[in-house]
Every structure is written in C-alpha cells, then in structure tokens.
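You will see two complexes here that share chain A, one where it goes with chain B and one where it goes with chain C.
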Partner chain A sequence: MVIFVAKRLALMALTMLVVSLLLFLLLELTPGSVATKVLGPYATDEQKQLWLAANGYLEPLWSRYIGWLGRFVSGDFGQSIRFKAPVADVLWPRLWNTAVLGFWTFAIMIPLSLALGVLAGMREGAGLDRVISVTSIVTTSVPEFASAVLLSAILVFWLGLLPGTSPMTSGFDWRQLVLPVLVLVLYDFGYVTRMTRASMAEVMTMPYIRTAELKGLPRRRVVVRHALRNALIAPFTVITLQINWLLSGVIVVEYFFAYKGFGALLLEASLNQDIFLIEACAMIAVFVAAATQTAADIGYTVLNPRIRFA
Partner chain B sequence: MTGPSDLAPLLEIDRLSVSYSSRGGAIPAVVDLSLRIATGESVGLVGESGCGKSTVAMAILRALGRNGAIVGGSVRFRGRNLADLDGAGLRALRGGEIAMVYQEPMAALNPSLTVATQLAEVPMIHARVGKAEARRRAAAMLGQVGIGEPDRVLAAYPHQLSGGQQQRVVIAMALLGDPSLLLLDEPTTALDVTVEAGIVKLIADIGRRFGTAQLYISHNLGLILETCARVCVMYAGQIVEEGPAEALFRRPRHPYTQGLIACIPLPTNDKNARPLAPIPGQLPPPRHRPRGCVFAPRCVHARPGLCDVGPIAMERADASARQVRCVRWRDIAAADVAAEAPPARPPVPIGDEVLRVSALQKYYPIGEAGIGALISGEGIRTVKANEALEFSARHRETVAIVGESGCGKSTFAKILLGLETATGGAVYFAGDEISRIPVGSRTPAQVGALQMVFQNPDETLNPSHSIGAQIARVVRRFDKERRGFGIRGRVLELLDTVKLPREFYRRRPRQLSGGQKQRVGIARAFAGNPKMVVADEPISALDVSVAAAVTELLMDIQREHGTTLLFISHDLGVVRYLADRVVVMYLGQIMERGTTAQIFAPPYHPYTEALLAAVPMADPAVSKREIVLEGPLPSALDPPAGCPFVTRCPRKIGRICEVEPPPQRKPVRGHVIACHIPLDELAAIEPVFSAAPDAAAE
Partner chain C sequence: MSRAGGTGEPAGAQPPTPGALRRALGSLTLLGESPVAMVGAGIVAFWIVIAIFAPWLAPFDPNATLQPFAKPGAAYAAGAGTFWLGTDQLGRDILSRLIWGSRTVLFYAPAATAIAYAIGIGMGLAAGYFRGWADELLSFLANVILSFPVLVLYILVITTIGASGLNIIIAITFASAPGIMRIVRGLVLDLRNREYVAAARTRGEAAWYIMLVEILPNARGPLIVDACLRLGYVVITIGVLGFLGLGLPPPDPDWGGMINEARPVALAFPHMTVFPCIAISSLILGFNLLADGLREISLRD
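The block that comes next holds the complex of A and B.
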C-alpha cells in the first residue's frame, strides 16, 4: 500500500513536470513576445532588450526553465501586469474564495446526489426512481448561465430574498454565497445522481445482495452494509473529478455573480494576456487535476479490496 | 402427493405453481409441484436447465423477485403457510430456519466485506448475540466445515480464497443460523472434481451431524445419487418422477428419466460397447408446452389421443413410494428398457502418428512489483504452465487430456493452435515443427488442418452475423477451390453434417439453443477438413441430454472424416466413454498417460486414483472407493520442488516425494506413471470401481 501511494505520488510529480515544461515552452519560448506582453505593444525594441537582459531572458532556454521552475516551486510566480502586484498576492485570496464556493457546493451536492442516487437505484424502475431520474436529467441539461438568470429573476428580482451579485466587498456574507452555490449544485447534482443510481442499480442485481437478503438481514442492513460500499466505488471517481470541474468550470457562475474567485481571475488573466498570472493559474489547475486524480486512484483501492490486494 | 417417510413433514409443498410475468404474458416456470421433506431428510431435485428447479428454491424462500409470483398451491414449513408471513417473520425464516447455498460461491459473497463480517452477521441477526460472540461462533463453524486456519480465513476477503474455501464459507454462513432445512442450488457445479468431492462429503456430513434436512438441486444425476435418499426428476416445470434414489436409478419408470440416464457416460462404459442414446428433440419453451404430457413430443412411447389430451397426474407406481407422471408407465415397464439401447459399434482402426509432442515447455514470466523485488533485481518469476510434455496422437484416434483448472491443459491447446509459442521442446504436426510458429505465420493449410471447438459456444459466435456467414467465412479461407455458390453449397453440407436444419443458414446465434450453437462451432471447426480437432471442454457448458447428442455427433463426424480428436476435459466419465488414450495432467506436468483401459485400472497414479474416485457415479450398480484430497491446488508460481502432487497426495511415501522429481515408471509399453511409489505397490491397489455388493440382489 505504501509502495502504491509512493508510486502514485511520483507519477503525479512527473505529470506536473511534463505539463510545466509544455506550458513554459508554449508561453516563453520566444522571449520577444514575453517582453511585448509585459511592456505592452507600444514599447520600443530598446526597452524590450533592456527588460529581457534585466530579467535573465538572454540566457539559454534550459537554464531559464530551471530558474523559472525553481521560482515557481518556491512560490514566486512573478508580477501580475494587470493587477500591478505580485501574482501570489492576487492568486491566493481568489483561490480561497473559490475553495469556499466549492466547499459549500460539495457539502450540499454530494450528500444530496448520493442519497437520491441510492434511493433511485435501490428499486430500479419504481416511481421514485423515475421521478429522481427525470429531475436529474432536466436540471443537468439546463446550462448554468440559464439557471443563473432564472434563479436571479425569481429570488432576487421577484421575491427580493437575496442580493443579485456576490462581490463580497464588505467582508464575507453568506447571503451572497447562496445563489452561486445553488446554481452549481443544480447543474451538477443530476450528473452525480445518475452515476450513483446506475452503480447502485447494478449492485442490487448482484448475487451477493440476494445472499444477504436470504440470510434474513433487514432491508436497511442489506442496503447500508452490503450494497452501499460496492455501489460507491464508481461514483467516487466521478466525485473527485468534480473538484477539477469546480476550479475552472465555475467561470460562468463567478462571472455572472461578480464573485471574486479563481475562475473569474483566470478569465481576466486570459483576456488581458497577463502572462505570469496565466502561468500561475494554469499550474494551479494542473496541480488540482493531478492531485484529485491521485486521490481518486488511492481512494479507489481503499474502497475496493480486490484491487488493493491484487 | 404423500411422502414416503413416517417422520413429521418439515416442508410441505402442495400443488405449487409459479409464474414470471413478462411483456409477452405470463411464463409458467413451475406447474403443479408437490413435494414433502421430512426432518433430517435429503431430497434431490434433478433436471436440465430451464426446468424450474431453482425457481422451486426461490419460491420456498419467497424470493421470486418482482416479476415472479406464486399463482397456485402453497408452501408450508412446520405447518405454517409461508404466504402468511409478514416481513419480520420472513426474515426470521430466511437464514434462521431455511438457509441456502449457491452455485457460484465467488458471486454469492460480498467482494468488499471480510469473511468475518459476512459470517458474524448471521448469529447477530438470528441469535441476537454480540459481535465478539458472533465472531467466535463464526470461527468455530469454519472449523466445522473443514477450514484449517479459521482466523486467517475470517480476516480475508472472498477473492483471497480458493473456490473450495469460498464454498465452505458459504456453507458455514448457511449453517450459522442453525437452520433445519438447507437449500443447495448446484453447490459444486463451479468447482473442480476433486474439490467437489470434498464439498459433497462435507454436505453429507452436515446432514448427519446437524440433522439438517436438505433439498439438493442439481443437473448431475451422479451427485444426487451420492447425496440424496429420495429424488424428484423435473422436466418443463413439473415433477415427472419421484422415488427412493437407488430404486429410481436402477429402474427408471418415466421415459424422460430413462432417457436422462441413458445420456450419461459412466466411467465404467465406453463408446463402442454401449453408445449413448441422446433424447431426440429439445425442451419446449415455457409458453409453448404441449397439452397433456409435456415430454410427449420427445417420447418414443407417446401415443396420440392418449398422451396429448389432458393434464396428467402423478400416479403411484409401486410399493416403494414411487410416483410417475406418465399414463403408459405400465406398458413401458413391461418392455425391456435395456433392449432399446443403441447397438454396439465396431472400433475404428487407428492410423499413423499425426501429432508428436516432445519435451514441450511453456513458461510465463511474471513481473514482480514491490520494493524488495526492485532492489534485489529478482523482478521476474516464471509460471511453468507446461513442463516436459511428451505424448503423441494418431490418425482417427481420440486422445483426452484430463486435469483440473490450472493444470495447463488449455495452455497446451493454445500452443498447438499457435495462439502462444512454446518456450522449449517441440510439437510435430503432420511432419512440421509448429511449436514456435504463431497462428498468423502458419500457412492456410496448416491452420485449416488443425482446428478447435471451444468450451462456451455463446462466446465464440459473433452475435451480429448469421450462422451461414460465419461458417462461409471459414470455408472461404480454407477451401480455395470454391467460389460463390460453391461456398453456400458447402456451408449447407456442413449444416447437414452437424444435423442442423438448412434454414439455420440465415439465423443469428441468439435464436439458437446452447447445443445448436455448439453444433455450429463444430461445423466451423470441420469446415477446412482438418486432420486434427482440439475440443476444449466442448460439452461442459451443455445440459446432460444435449451434451450426449453433441458427443455422439462429434464422434460420428470423427469416424466419417477420419479426424484425430484431442479432447480436453475434466470429466472422467466422458473421457472414459470416448477416448482411446488419456493424458492426466497436474500443475503443468503429465502424471500418467496410457490407453483408456490402462488409466482406468490399477496401477494408477495416486492423482488419477483420486480423480476417478471424485467422479459422481449415476449408477447404483457400481460402488467406488472414497478418496478425498485435502487442501487446495498449489500456486503455479511456487510449485513443489519434487513431485507436483506431493502437497495433496494421500499416498506420499516420504521426503523423497518432496525433493526429487518422480521417475517415469512403465508397467507396460505405452503406459507411463510418474511416481516414486514402486510399481508392484501401485499395481497392488484395489480398483476404484467395483460392482456394488447389493447389485446381485436386483
């Protein structure tokens, strides 16, 4: 098990190294374009040359990469052009905001979709199953920008219960968090629910469930002890992949509600060609993707003894 | 129906009918079934697949699923009608009073819970004891069912156990609720023969020690005869005959029972002296069962106007509580059944050598994961799937390779066909050395001359192509002279050869039954006029009567074409019946080889002896010695240094067996036994099969 985890972590480090190299080559292969982005389109060639020399861009590619990587690992992401501040100062608070948003989305969505999926899958084809399945298909097929508009229209403009934007300018306000979380949950819970339902429905047809029932176990115990653990193996992977989605997939929601999160930052950085900010955001995204994948792999083996001992 | 026993009835099924609902209407699975089981009695329920025998077990436990329902009759247990039970009463019954043992132990156990959790649940629910006490009882019960290290097994997950251990765990689980009735649904079908023998003995012991009544459901008549006092034979949802096991096997009254018994190849018979007599026709689908006797369309004794009018009731046939559902049983009993057996056949002359296998080896490297292996550099271990195989096969001859799962018989077949290449040694086929030529590099003539019939016909036919197209493809590949209509003609000819109607040309595999699919598989193998056909367990997935028909067909075609047949099987009954020579394999090595007569009589290799003793005998006139092998098959990764069989051998003579590979002893020319025991001692052993002492009385 220790060997397995070590191997997974090594693989994750390797993945990130490869991606960082690709990213570096993509954005910084030609120093001239970096200088143009940093100094703006109206800078003279002389200014650019001076900037390049001052920032070590005249050195060979590999030594620049090593230096870049070293600074990156130590947390020095460079200077943001747009915000006129160190990238780290801009990035961390934004990431924290998105983490708060993601946490609440998960805290509501996961129990909800697992419960609904299990309820639906327990008796495939029953009335409850049909209601849950149709609901989850409908909510998943409505895109976030549509549901955001709709929910705002009802909850903000018609009922006047909640604020329409969530900039959190005067400190944390949970009322501003409700709408973004609601939109995200609404969009994503159907997907997880359907995955759970399919997995649960399959497990319920397994011979070992019949064994458990014919042992005389109460239905509750059959579901909780015998079915759930096996049924959760497949959705577990799906759930960990949702973390990844929350990081960059929330751009629409954050932008719509003017929420100062990571997605909105990524969008802003791209629109303004804020090269060092883009690099930092991309590396964070890659890190989260690789980390969730690793967590998914490790968690999968913990849940599934057949893999653990194979 | 009245039971034969004076004991109080434990279970009383009265005129039970069960139907499953489907889109096309109700499907009657069980019709008018009456059955009584007394306390401590063991009753067998025999029938082919689709006859409704498992449905009976599920109906007893009221576990028919959402689309199944009892539509008539009643099931009473200790006088209570089970239909009246509420949820709590039903749960107390299930596991507490009636417990079940299943066909596939691996599937019946929860893969993600430890054995301890799954076993301890039963006393916790039914005896309301605490966790620690439940676990203690579980450990004690594992000891009772013959598991040597209960604590290790308790901590294990099901997939870490062997098939035999898994089934013992399932049996322990059933017994932990202290039930008075055990339902056993094909409990040994998924296991190897020697493992099966151990489980059968255990089940018989349980009946004696715990006084548990048993309903033993199986398609294997031999097993039923060995385990049960009374037998019910089911056909198409009905019981057609019931009676004491021995009497029923000696003198079957119903034509179906007679047919079934004539279908079983016994280890005491062979193909020429007493050919099998397959039952003609096939099982009618549940919704198209004939009026009157359900067996009438396949019955040689059926008379129009008598057998096809109204429902036929069970009738008491003789004093020994025999009951038969046949209106003509008296007339049939008057005629001599044995006289109707097919006539004996002259043996086929054996020709020149076609195949010679010499010192054949196949090793698989296994990558070892782990820090230890990485550091020491011993990253590769080998599985010796085949070691020093040596035998030959002649023209028109049938050679059987016998062994349990993991003995390397299928690996050998793969090398022959070029799906794998050998690590060492040689295989000469029709003069060419082919052990290292993969199938892609063989000439079409070589491939066509060596064909295979596979075990599972469902998996080897492409579901989206018609039968005709699949056979035509093979003809086109191997029969270069034919073009266009010639190919179609040849395919129709092949369909005739395997006795399938020509209309099947356009059918798809899903429209065919298992036996018909296997016939297509045989037609495909014979399309290229092969010199030799390798049949890997060709009938083990088929029902008794279907298997008999396919076996006969295979032999007829072999006679006609003069083909050499390499028959791979674990079933010694079939092997005895159709093989001319036998090769017994264990852990990749040949333990014994010789003519069939030599293999089936002393001197035996101890493994052959155990294999023979493990074969369930469906003939009460033969008695056999009991030999039960202890322990599981050793891992092929870590085989014993000396004789591969040493870990389970009941006749081990000492350290020499553990350290030194056994010498090849040759009692007569062509018979080889690899064993340390001296020949005269091997020869002095009493035969496994002998005439039953009470056989003379009949």
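The block that comes next holds the complex of A and C.
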C-alpha cells in the first residue's frame, strides 16, 4: 500500500515536471517574444535587449528552464503585466473565490446526484428510473454557457429574482452566488447521477442482494445496509474527477457572470498574453487536476479491498 | 431496395445490394430497436437537413444588417419578410444566422472528431499492439495531456496559435486524441490475444495489416458509441470557444459566437442569446441520446 501511494505520487511529480516543461517551451521558447509581451509592442530593440540581459534571458534554454522552475517551486511566480503586481498577490484571492464557488457546487451536487442515482438504480427500467435518466441526459446536453443564458433569461429578465452578474464589488453577497452555483450543478449532476445509477443497478443484480431479499429483509434495509456500501465506490472516483471538469466549467461561468475567480483570471491572462500569470494559472490548474486524479486512484484502492489485496 | 427479395422478382433481375450499403441499412433497422436512439438520430438528421438546405431555408442573408433590435415576429419595415426570431444589435436576422450557423458546427465538429480519431486510433493501435516502450511513452504522454483541465488546454493552445478554423481543429485533435488512444489501447489489449490474430501472425501478415484489418473492425462497437458522445463534446467545445471569443473570426455565423456578440445586451434582449442556446443544446442532446441508445443496443446482444 505504501509502495503504491509512493508510486502514484512519483508519477504525479513526473507529470507535473513534463507539464512545466511543455508550458515553458510553449510560452518562453523565444526570449524575443517574451520581451515583446512584457515591454509591450512599442518597445525598441535596445530596450528589449537590456531587459533580456537584466532578467537572465540571454542564457541557454536549459539553464533558463531550471532557474524558472526553481523560482516557481519556491512560490515566486514573477510579475503580472496586466495587474502591475506580483502574480501571487493577484492569484491567491482569486483562487479562494473559486474555491468558495466550487465548495457550494459540490455541497449541492453530491447529495443530489447520489440520491437521484440510487433512486434510479434501485429499480432499473421503472418509471422513476426513466424520468431521472432522461432528465440527466437533457441537463448534461446543455453546456454551461447555454444554461447560464437560459437561467438568466428566466430568473433575471423574466422573474427579476436574482442579479444578472456576480462581481461581488461590495462584499460577499449570497444572491450573487446562486446563479453561478446553479449553472455548475445543473451541468455536472447528470453525469454523476448516471454513474451512480449504473453502479447501483449493477450491485442490485448481485446474488447477495437476492439472498437478502429472499430471506425477507425489508427493501429499505437491503438498499441501505447491503447495496449502498458497494454501489458508492465507483461514484467516489467519478466525483473526485469532477473537480477536473469543474476547473473548465468555472472559466465559462465566471466569465459569464463576471465573478472574480481563478477561471476568469486564467482567461483574462491568456487573452492579454500576461505571460507569467498564464504560467502560474496553468500550473495551478494542472496541479489541482493531477492531485485530485492521484487522490481518486489512492482512495479507490483504499475503498475497494479486492484491488488493495490483489 | 431492401424489400426487393420479398416482392417475388427473380433474384437475378436486380443487381445485388452492395455489401456496404446493405450493412448500413441493417444498422439503421438496428437503430429502430431503441426509441432513445431514434429520437437522437432524428434531431441530428434535422440539423443536417437544415445545414444542407441552408441557402433555400434562410429567409435573409445571414450577414446583412437590416433592422437592429427587432423583436421575434416583427415585420421587416424596409422590405418584405418577417424576423421570426428577431434580429441582433447589428440588425442581422437571427433565424438566418442560426440556419447558416448549423453549417459551421456540422462541418467543424465532424471534421475535428474524424481527425482526432485517425490520430488517436493510430496511437492506440501502436501502443496496444506493440506494447513495450512505445506503449509506455504514448500512455505517459496521454496522461500528461489528459491531466490538463480541458478548457485550460484549449485556451492555452488557441491564444498561442491564434483563432481560426484550422487551429480549432488542431486544438481539438490535440486535446481529444489521447482520450481516444486510451480507449483503443484498452480494446486492442483485449483483442490482440484472440486466435484470429494469432492465425494472421502465423500466416505472416504485416503488423499494420493485422492492426487495421483484423483488430480494428472488431473494436468498432465501443468506438462508435464513444464517437457519438465525443461529437457532442466537440460541439460544446466549438460553442464554448465561440462564446469566449476564441472561435471562428466574424462575421460568418457561429452559434457560440452569436451568444458572445449579443452578451452585452442580452439582459435586455434575451431573444438574441436564447435561440442560439436552444439550437446548440438540441444538437448536443441529439448526439448524447444517439450515443445512449447505441450503448443500450450494443449491451443487449
């Protein structure tokens, strides 16, 4: 078990190393273009040369990469061109805002999708199962930007219940969080529900469930005590991996609702070629995704003894 | 044509149905077994018909600026015709832009998916069949690319190489091929130990021939289901890129781009964004239902 965890962590570190190399090559392969991005399009060649020399860009590629990586790991992400401030100062508050958004999305999405998935999978093919399955296909087919438009049209334009944007300029406001969370939940819950349903339906066909039913246990007890424990192993992995999807989803939702989060920051940095901010955002996004992937693998092994002792 | 055998005509009177056509007809009747798949296929077919006949169906020129901010159903003041779905802030007819926009998405989504499949299948066959270091390397690279949140990858690639039709296809291929490779690799690992592969190897057939002719056709079932799902995702991707302003350059209509362009005024004039949203969601729903129905059918036998 310890060896397995160590292996997974080493693989994750190697993945992050390759990702950092790819990012570095994509964005900093030619020092001249870095200077243009930092100093702006109207800088003279002389200015660029001075900047390159002052910031160590005249050294060979590999020594630049190692220096960059060293500074990055120690938390020095460089200066943001657009915000005229250290990247770290811009980044952490934005990441916190996205964490708040993600927390509430998961706090609503997980109980909802597990409950619906179990209800649907309990009696495969029954009326309730059909309704839940079709609903989850339909909601998964409406991408975030479309459900954001449709929900704003109904709740903001038509009913006037909620504010249409969520910039949170005058402090934290619950009402501004409702629509972003709703959009993310609506797109994400269908997939988890379907996975839970499939897992539940499979467990319900197992011989030990039939045994429990035949010895006369009430249905509620069969489901809660016998089926659920095995049926919830697969959804655990699916839910953990949803964090990767959520990182894509928040970009769209934060852009649409003008929420000051990490996804909007990444998009803004990319559109403005704010090179050091892009690097930091992309590395953090991949780090979160890779870390949750590793956690999902390890958690799955812990939860499923058949794999742990194989 | 498929009923020719039942009408009592002499068998030699008609040329036999070519094998490929008969198989296509056979799979169409198989589709009839799942009502979900039929509905999905119907929605997709609807949009394909719209895309093909766009020049005849669209009431106006999609890029002509006629009458700004017209409500749905308003009549064209300076000429004949009605804006059934209204116009946008530049005065372009939304229905016509939706109809022409279906061409954009139904060209780029299948094109990008097909290219991603060609590359993903090649990589997956090589990794699964040859195993060894080729497998290790390809699988590791796939893991690295798949560890990116997918939209982060698209934004990085598109903002670096620029937004154009070709670059969108390149970005989608880059992001989807590793996932396809993983699926193909898994299927090949299972199929490579079958007897008919061993027989082909004993006959001395070349490796590429075994992979493409012996293994690949037997892996088609799960791949067809995955392709339908993936088409839905690619439609979402093209829509998202258009919505974020990273899609096809204006002015030609593109559903995601239409939503993005109308966003500043959307809270006052919802019809400008709602109709493109319904269009794109219905197409994605079509692909998802088709995939779901096909999976159901493939599990049945």
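As a working rule, the second predicted complex is superposed on the first by the 307 of 310 C-alpha atoms of A that agree within 3 Å, B and C clash if a C-alpha of one lies under 4 Å from a C-alpha of the other, contacts with A are read in each partner's own complex, and residues count from 1 in each chain.
Here is the rule we go by: a residue touches a chain if its C-beta (ideal position, glycine included) is under 8 Å from a C-beta of that chain, and two chains touch if they have at least 3 such contacts.
Quick caveat, the model's predicted, so the values are computed rather than measured.
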Answer with first, second, both or neither: which of chain B and chain C does A:1 touch in the superposed model? neither
With the two complexes superposed on chain A, say which partner A:73 touches: chain B (first), chain C (second), both, or neither. neither
Looking at the overlay, what does A:270 touch: chain B (first), chain C (second), both, or neither? second
Which partner chains sit in contact with A:213 here, chain B, chain C, both or neither? Use first/second/both/neither. first
Please name the chain, chain B or chain C, that touches the greater number of residues in chain A. C
With both complexes superposed on chain A, which partner does A:115 reach: first (chain B), second (chain C), both or neither? neither
With both complexes overlaid on chain A, does A:247 touch chain B (first), chain C (second), both or neither? second
After superposition on the shared chain, which partner residues are touched by A:164: those of chain B (first), chain C (second), both, or neither? second
Set intersection of chain A contacts, chain C complex versus chain B complex: none
Tell me, which parts of chain A touch chain B in their complex? 3, 206-208, 210-218, 221, 225-226, 229-230, 233, 303-306, 309
Residue set of chain C touching chain A in the complex reads 140, 143-144, 147-152, 155-156, 159-160, 232, 236, 239-240, 243-245, 256, 259, 263, 266-268, 270, 273-274, 277-278, 280-281, 284-285, 288-289, 292
Show me the residue ranges of chain A that touch chain C in the complex, using the header's touch definition. 11, 14-15, 18-19, 22-23, 26-27, 137-138, 140-147, 149-150, 152-153, 156-158, 164, 244-245, 247-249, 251-252, 255-256, 266-267, 270-271, 273, 278, 281-282, 285-286, 289-290, 293
Okay, in this complex, where on chain B does chain A touch? 61, 63, 90-96, 99-100, 102, 104, 107-113, 117, 121-122, 125-126, 157, 159-160, 170, 173, 177, 369-371
